[in-house]
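First chain A sits with chain B, and in the next complex the same chain sits with chain C.
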Partner chain A sequence: MATRTASRRVKGETLHDGFLRHRGFRWLKICTVFSLVAIVAYCLVDVTPRHNGGSWLGYVLGTIGALQILWLTALGLRKRAMTRGRWSLKAWTSAHVYIGLSLIVIATLHTGFQFGLNVHTLAYALMMVVIVSGMVGVGFYATLPSALSSNREEMTQPQMIDALRSIDRQLHDAAQPLDHHLAALVRGSLEQDPFGGGLMRRLSGHYPGCATRAAQAAIRRETAYKPKLGEDPIDKVDALLVRKEAILGRVRRHLKLKAMLEVWLYIHVPVTFALIAALSAHIVSVFFYW
Partner chain B sequence: MRFLIRQISRTADGREIVRPVTLEQPVITVGRLADNDIHLADLAVTPRHAEIARLDARGIVVRALDTLGFDVDGRTVMSVEIDAAEGAELKFGAHRLTIGLDGDAVTIAVERVQALSDATGDKDEQRVFSLRGLLPGKRLSAWAFAGLVLAAFLVAPIMTWATYRAAPQRPAGFHADSLWSSGALSQAHQGLKDNCQACHKDAFVSVTDDACLTCHKDTHDHADPMRLAAAKAPPGAGARVGLMFAAAFNRPQGRCVECHGEHEGAGPMQPAAQRFCADCHGGMKERLGDTQLLDASDFGTAHPEFRPAVIVRPGGDHPVVRRISFTAHPREENGLKFPHKLHLSTTNGVARMAQTMAGEQGFGQSLVCKDCHTPDATGTRFQPVDMERDCAMCHSLAFDQIGGTIRTLRHGDPAQVVADLRAYYRGTGPERPPSLGGMARRRPGDYAQGRTYYAYFGAVAARGGQAEQAVRAVFSPGGACFDCHSIDRQGDAASAGFRVQPVSQNARYFLKGWFDHDAHRTETCESCHAAPTSGSAGDLLIPDLALCRTCHVGEGGAALRRVAEPVASGCALCHSYHADDGAPWSTRQRVARIKDGTNAGAARGGRR
Partner chain C sequence: MAGRYRIAIVGSGPAGLSAAARAAALGISHVLLEKTDHLSDTIFKYQKGKHVMATPSQLVLRSDMAFEAGKRERILDVWRDQAAAGAIEVRYHAEVKAITGAAGDFTITTTKDDTILAETVVLAIGTQGNPNLVRCPVGEGAVVQYQLDDPGEYIDEHIVVLGTGDAGIENALGLAADPEQRNSVTIVNRSAEFATAKDANVKALLAAEAAGRLQVRRETTTAAIDKGMIRFDTRDGEVSMRCDRVIARMGSAPPRAFVENCAARFEDVEGKRARVAGTGVEFSSADRVSYPVLSPTFETTTPGIFVIGALAGYPLIKHCMNQGHDVVEFINGNTTLKPADEPILESRFRDLPGTRGVDEWLEFLRTRITVLEAMSPLQMREFMLDSEVRFYRRGAVVFERNAPGSSLFAIADGSVLVQVNPSDPSVTVPIACGSIFGEVGLISGRRRGATIRAAEDSILVEVSRQAALKLQSQVPAARAAITRISIERQLLQMFGSGLASEDLGEVLDSAEIIAVSAGKPVITEGEEGDDIFVIRSGSMVVEKQVGGKPVFLSYLPAGSYVGEMSLIAGGRRTATVKAAIKSEVIRLKGDAIRAVMAKKPALLEKVRRDMASRQDLNAFIEAKKDSFSGVVDLYSSVSNFLVEQGVGEATDVLLIDENLCVGCDNCEKACADSHDGLSRLDREAGRTYAHLHVPTSCRHCEHPHCMADCPPNAIHRGPDGEVFIDETCIGCGNCQRNCPYGVIRMDAVPPKKPGLLSWLFFGRGPGPGEPGKAWSYANAKPGVERPKKAIKCDMCSGIDGGPACVRACPTGAAIRVAPEDFLSVSRLERGEG
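Now for the complex of A and B:
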């Protein structure tokens, strides 16, 4: 009981309400009811010999589904205008998520569970790719921002770049007295692009070719059996490399999280357009070979 | 021998700061260590990288001191001589040394031209922290994907259609418009799967009957189109909306494809659903007052009692038949006397006789249906019962034996029977008793009544008159003909005035519906035909509606009373829309399937 009392919202207090919970899950409720109505209709309507997109129910579901797709795509235009109130962007986004999910039900019923190697199933498959990528995106949006902010520790992106630059300058200066082969290791670290690596490196956060780590390891091997006298410039370089690695680690985690927040959109958006193309072909084909 | 070194650095806003140093010596060194004359804080430069020596007033030589060389005008060398008046550009690591001549001094401008690390170079924050550059842009891939899909799934199929629009035949193989197929074609139409245009002839025009009639030339309509239109039930609210849409989207009503839907899977085409029939037949009496047909909309719940075609006057090739409802308890007049009950009894003399003939005729403990009834070649119906084949094994018409040869009366020809009997009595005498003796002398008293001579010669004297008696006996109660046939005295002299009523056997009782015995092999004969209790040949042993309904229910499972193992039966199970003498289309399909294709020919083109 104590916890319930504690978590109850005090009257008048406004808490942050994400787009998923917007207005007490209003759009979740609307879309659930809508989907259930569609399922019940599907079960009650007798279509011979079996359900398909060409029955009256099929045409109704198909028309609704196509309109849903067009409306969902309109978020791309709508999001560029951020507004408040009843038709706020948040409300729109909330509806986008739940209407998008209900599309799974509507479109699947529209197919009558008949699939094949044709433009119709292509449109359905592309739609499912878009929806699943959207679900992944929602999942990322729900979980990653907290991880992102705890990783940043209030550090901004320009600050991260500045930190790297600062450590690079210090490394550069500290490495001046070193022998050429050690200097070359440090130079490797300096010349490697901290933002380099392909998409997979970015998403996995694994950088096996990291020159900084390689330089640090090589210098450790070099100095392993040397007494630490405190005046050897190599010790300073070693310490700087350790610091650089730490900063790089943070930057790379940041990059990974940012990449995950972004990458689903690289599927979600282009496949949406492929879907609209397939949907157009689907609709035209039906009337063309009427 | 002067060198003028100009160290150039730049402020944040790009302004140059030059710090000149003059060195009065013939040789200067270049390297990373601070004690070099030209000190390059550059990790790509070795501690003592090179020396520069003057050769004369204009010439200098640059020599690498370590294993690493340096770049001169883009080439890597270990040593180079330079005319300072002509100038040159040297590159050590990230530094550029520009050689020149100023009076008698060789000038060397030293400038860092590359950032000391990658991170200290230009970084666009927005760009480096995003995936831009790692993936093709969203806009680009959106257009590319959409373009590809449209090209492959819209443009290519339309081009295929346009290419072969006027062509009489499309070449075999893949055509892009098959990507539009909404499902596999049925078995019968498999040959058309690459030829969409066989049915879809014009763009945005729904499939017309002409396309179907190209192949299905003989298919005739169900009834006069005007009467068809009049018989149809007026559409309800939902159907009216449907009709409105159909009109708006150019879908005329009454086409073949309305009942015969395609692209519903590769199996056999489904028979038309019950509702297509019930639309008209459900309440046709109201709409078509003069129709003879009774209303029917569901076999399980709304089907009139059967009206079997019963023979009312037998004889000839076309006996008179009349369709009489079972509610009127029809009896059949087939001209025979035949109690099924007597023949199927398991306890009477017939059964006993069957047992004695078991070895000879293959009978069991008693007679069963198949002992007398033989199915026809298709298994649908039964061959007419044939006296010689199906009855004569018991009901022999033998009347004489000469040597080993049995003489029989000819079945179906009364005049011949009469003639044969008369001939028999005329040509043969009574058997001569052995006690009659040979040519020995007769004694008085031998001719006395009761003695052998009296008996024998009396019989000889009366022989001719016995023929008429035998003829009468054959056509009278207890006689071979009379027991099975109706006999009257309307005959001519050749048949001694006797006439056998003509006999007709009914091969098909249900003229409007179709019954297939082969499909009912899981049942016993008695479960439908009450033969074991029938005492008269006039009993109609055909099952009525109620009996069929003990298994058969409506297409959707509707039934008036509970059915243990219901057989869903749409109209098309027994009836044909495009009716002919053969089995309904769906039955032909099913039989073909059951018989593993042996009936496939009949199923395909079997409308006889």
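Now for the complex of A and C:
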């Protein structure tokens, strides 16, 4: 290539890998080896009468598992504390995912496959809920961002809302000359909260009672058989309603995707706290009955 | 009018007002002429409640008027009261049309045809003055006006408003406000964005457009205006439309013609009144931004006419007020008065060896340094305010190779050594006393190309980029000298190979500097030619036609050269090289270079080596030609998109991979929490292509647009190449308007938040990220005024660990790259395309 006179810092050799591929799957490798070691140890160590959480191996696995859980919880702090220093939240997330997955192996081996209706199994069950919700989250993180990006087409969320408002204002003005029953339809579209209806609506992205769609359909029925004269205010309202529906669709998809990217956290995080409570009870009770 | 005033002061801004106050205090007969009905119109027109700053803080205020940082209203009230109390004679509604006569006997004519007699005239009219005029041809009978007093007086007209600054938008909205007037209003914008107007105005304009109340023409310039008709150049060709009236609101330029014509003699040239050369007030150069030539007492080339304030090149209020005070003292015969900047200059020279006074030092520097020779004492003072002078012991490092820096160094005493070979510090080239160095950084904005040490005890002047640019515009000889030296050095540094400056004589004589606008080619694939092009500033992209489509080969920053392949191997050009942004190239004649190569085989060898790597790339492209498919297409289009987004002039840019971005906005929160609670990036805004998103965040341009017009000179390039704004910002908003990427915001620092844990456990405070306006308002300390200042990304300089946005991205979507790391087809080889 043509010459550069000043060579610059070499940067960006690992410019571009996501949290799952971080540093050539470093944490996946570490955690796989670690889990394999645990499995091999489980197979080789002879515990009589059978494997359980109270053997020395059980204690070792239990201690490791408990420390892992605490460390995994610390991601919430790390994410929010913008301290100085050479740390990367991407590396933390990567480790969080793979260490969290390895917990399935560690904790299951710790139980020695003894389950019952007690606080110990409750802690295990809560942990599995957290891990499964986390796996769902990773799945969403891996698949949804590009859809989110394609859907918004360089518009920001405030811009979408502004666009909606602007159409609403124009609808309000344009609907003034309409007949009463038609104006009522438009008013319905203006007055309805187009994103209300709760979590399931938002996650599904389906709004069966959408007043805008109803108004648009009704007005289209009015205009369908009328000759286009160009000056009829109803044509303008029709066009505005079509535009509003399009932008509504976009915002709803946007909100749906954003909600999906977040909704799993509403299980993941609270259950984590329940898990820590159950885990504390589990540890205390174990030592109490020792 | 009876009576002659000793001093007539034109303009009642800070400078004029201070001058009048001084004259009143000294009991000198004076008159202050103001064209409006109130004092200090420029500050009067500031928005309501604007915080006016008092910088530079180290400058002592020397004026009979009081001034300290505060709200616009308070400052205006104080001045009005003091003007009344000080018995200043003000004449309102007196807009000066012409000044004739000579020292001791000037006649000032106002637009109302009143005349005022005065012995001396002080011009303190600032630079806001005259509106920029329409530049296209205007036909007979066409109505073009530069002001709109009452939008209500036009009915049933087709009106075109030129310019989409605040003034233009407000006019257009005013004209279209009432449908009963039945005006058809069109507003014309040169670009696609509305960068120079306030957000609220832009929103109102777009809403009015959507509602069909007016038309907005984007990417349109005016080609011609005729009676009843206007013709536009648009992106899609020429368009004509009906037009009864044109209102041009395209900013204003310093009122140069008026000043030049003061006390000038006129003659008839081909029926037109023309100024006789050498009369009137002379300006330092033909440059649009140049200032009048002034003596140390602010006297122009016409005796008896003085110029102070922004028109003299001092835009800051404190400077203006001090000059107002000083100029009246000078006129009154006080010759021993030292300028108020004396203490600052004294501190500049304090650490130097030898005992010289400020004036002696200035004279020493001026006579020793070649490029400064043509400067006046006043220019030297101003120049030194923006520059540093330092003493270096023998062997001390002036700057290191690859250090960022855009300042120019001049050697006032001693000499320096350039380490031309990075791997062997013993190979050096001397630069002698009186010469300059560091000009490559000044011109290209790139990092330093070599380490420089003092060869003996030396005194060096470090000229800031700002001062160096001013120097070049004021002193044409300095510009020519710097240009020639810079070309010579750039060639020597680029080619190395034991070349000396005498070898290059012929090459330099044949060299010419060509300005290339963005997108224009300097070399076209397939054409004949053997010239070499050196990129002096800006950057270029190299493209090759493969299968009828241009493939993006590579990105060349300033300091590279192209065209050597045809020169050495012969044949036609093998690729197209075109400017990514507005650039300058040095064209070197092939014959001249060939002659040097014949004399210096080492040079030929070096160029051959450089060429080999390019041939490899060409071979790679040729080999992949058939399998070139979606991957390369995508790569080419992504690269082109990035160049369009200004990445070509960036030195470091934040990109977001939207295949990974989950929209958590942790980058923005981290940014806010790392910098006083204000985020300097807007993740969601900005352009996206193929899931590669360029968020609204500083690109740290090679030639930052924001630096162009900063009154307190508060924008600098820091040690890691970051462009940052220091605490002397006065909140004027110039940088925000000048930034083409909209990355600078004006905001006040919010109050401090409670800590993270007390938010996490007790819910105190607003949590991580930028606090909401409501919270900031509710928790503001009463009585403490927090002025709005310009804030922008500083690449987290001084923060251990680097940019917070990248560190805080949980998925690895946010990355920071320098364009040359990113824009190369060779990445395809590694499968990273």
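Couple of notes before you dig in:
Assume the second predicted complex is superposed on the first by the 269 of 290 C-alpha atoms of A that agree within 3 Å, B and C clash if a C-alpha of one lies under 4 Å from a C-alpha of the other, contacts with A are read in each partner's own complex, and residues count from 1 in each chain.
Here, contacts are C-beta pairs under 8 Å (C-beta built on N, C-alpha and C of every residue); 3 or more make two chains touch, one makes a residue touch a chain.
Quick caveat, the model's predicted, so the values are computed rather than measured.
Between chain B and chain C, the partner in contact with more residues of chain A is B.
In the superposition on chain A, A:49 makes contact with chain B only, while chain C stays out of contact range.
In the superposition on chain A, contact is made by A:19 with chain C only, not with chain B. Contacts of A:80 after superposition on the shared chain: chain C is touched, whereas chain B is not. In the superposition on chain A, contact is made by A:144 with chain C only, not with chain B. Contact with neither chain B nor chain C is seen for A:136 once the two complexes are overlaid on the shared chain.
Contacts of A:128 after superposition: neither chain B nor chain C is touched. Contacts of A:258 after superposition: both chain B and chain C are touched. Of the two partner chains, chain B is the only one that A:186 touches; chain C does not reach it.
Of the two partner chains, chain B is the only one touched by A:278; chain C is not. Residue overlap on chain A between the chain B contacts of one complex and the chain C contacts of the other covers 157, 169, 173, 258.
Of all residues in chain C, those touching chain A in their complex are 203, 207, 210-211, 401-402, 446-449, 490, 493-494, 542, 554, 556-557, 559-562, 564, 610, 613-614, 617, 657-664, 666, 669-670, 673-674, 682, 684-688, 691, 693, 756, 760, 767-768, 799-802, 804, 806-813, 815, 817-818, 820-822, 824, 826, 832. Residue ranges of chain A in contact with chain C, taken from their complex: 1-9, 11-12, 15-19, 22, 77, 79-82, 84-90, 92-93, 141, 144-146, 148-150, 152-154, 156-157, 162, 166, 169-170, 173, 258, 261. Of all the residues in chain B, the ones that touch chain A in their complex are 32-34, 41, 43-44, 46-47, 66, 68, 116-120, 123, 125, 128-131, 134-135, 138, 141-150, 153-154, 157-158, 161, 177-184, 196, 200, 203-207, 238, 242, 245, 249-251, 261, 264, 270, 273, 275, 556.
Across the complex, chain B is touched by residues 46, 48-50, 52-54, 56, 59, 114, 116-120, 122, 126, 157-158, 161, 164-165, 168-169, 171-173, 175-180, 183-184, 186-187, 189-195, 198-199, 202, 254-255, 258-259, 262-263, 265-266, 269-274, 276-278, 280-281, 284-290 of chain A.
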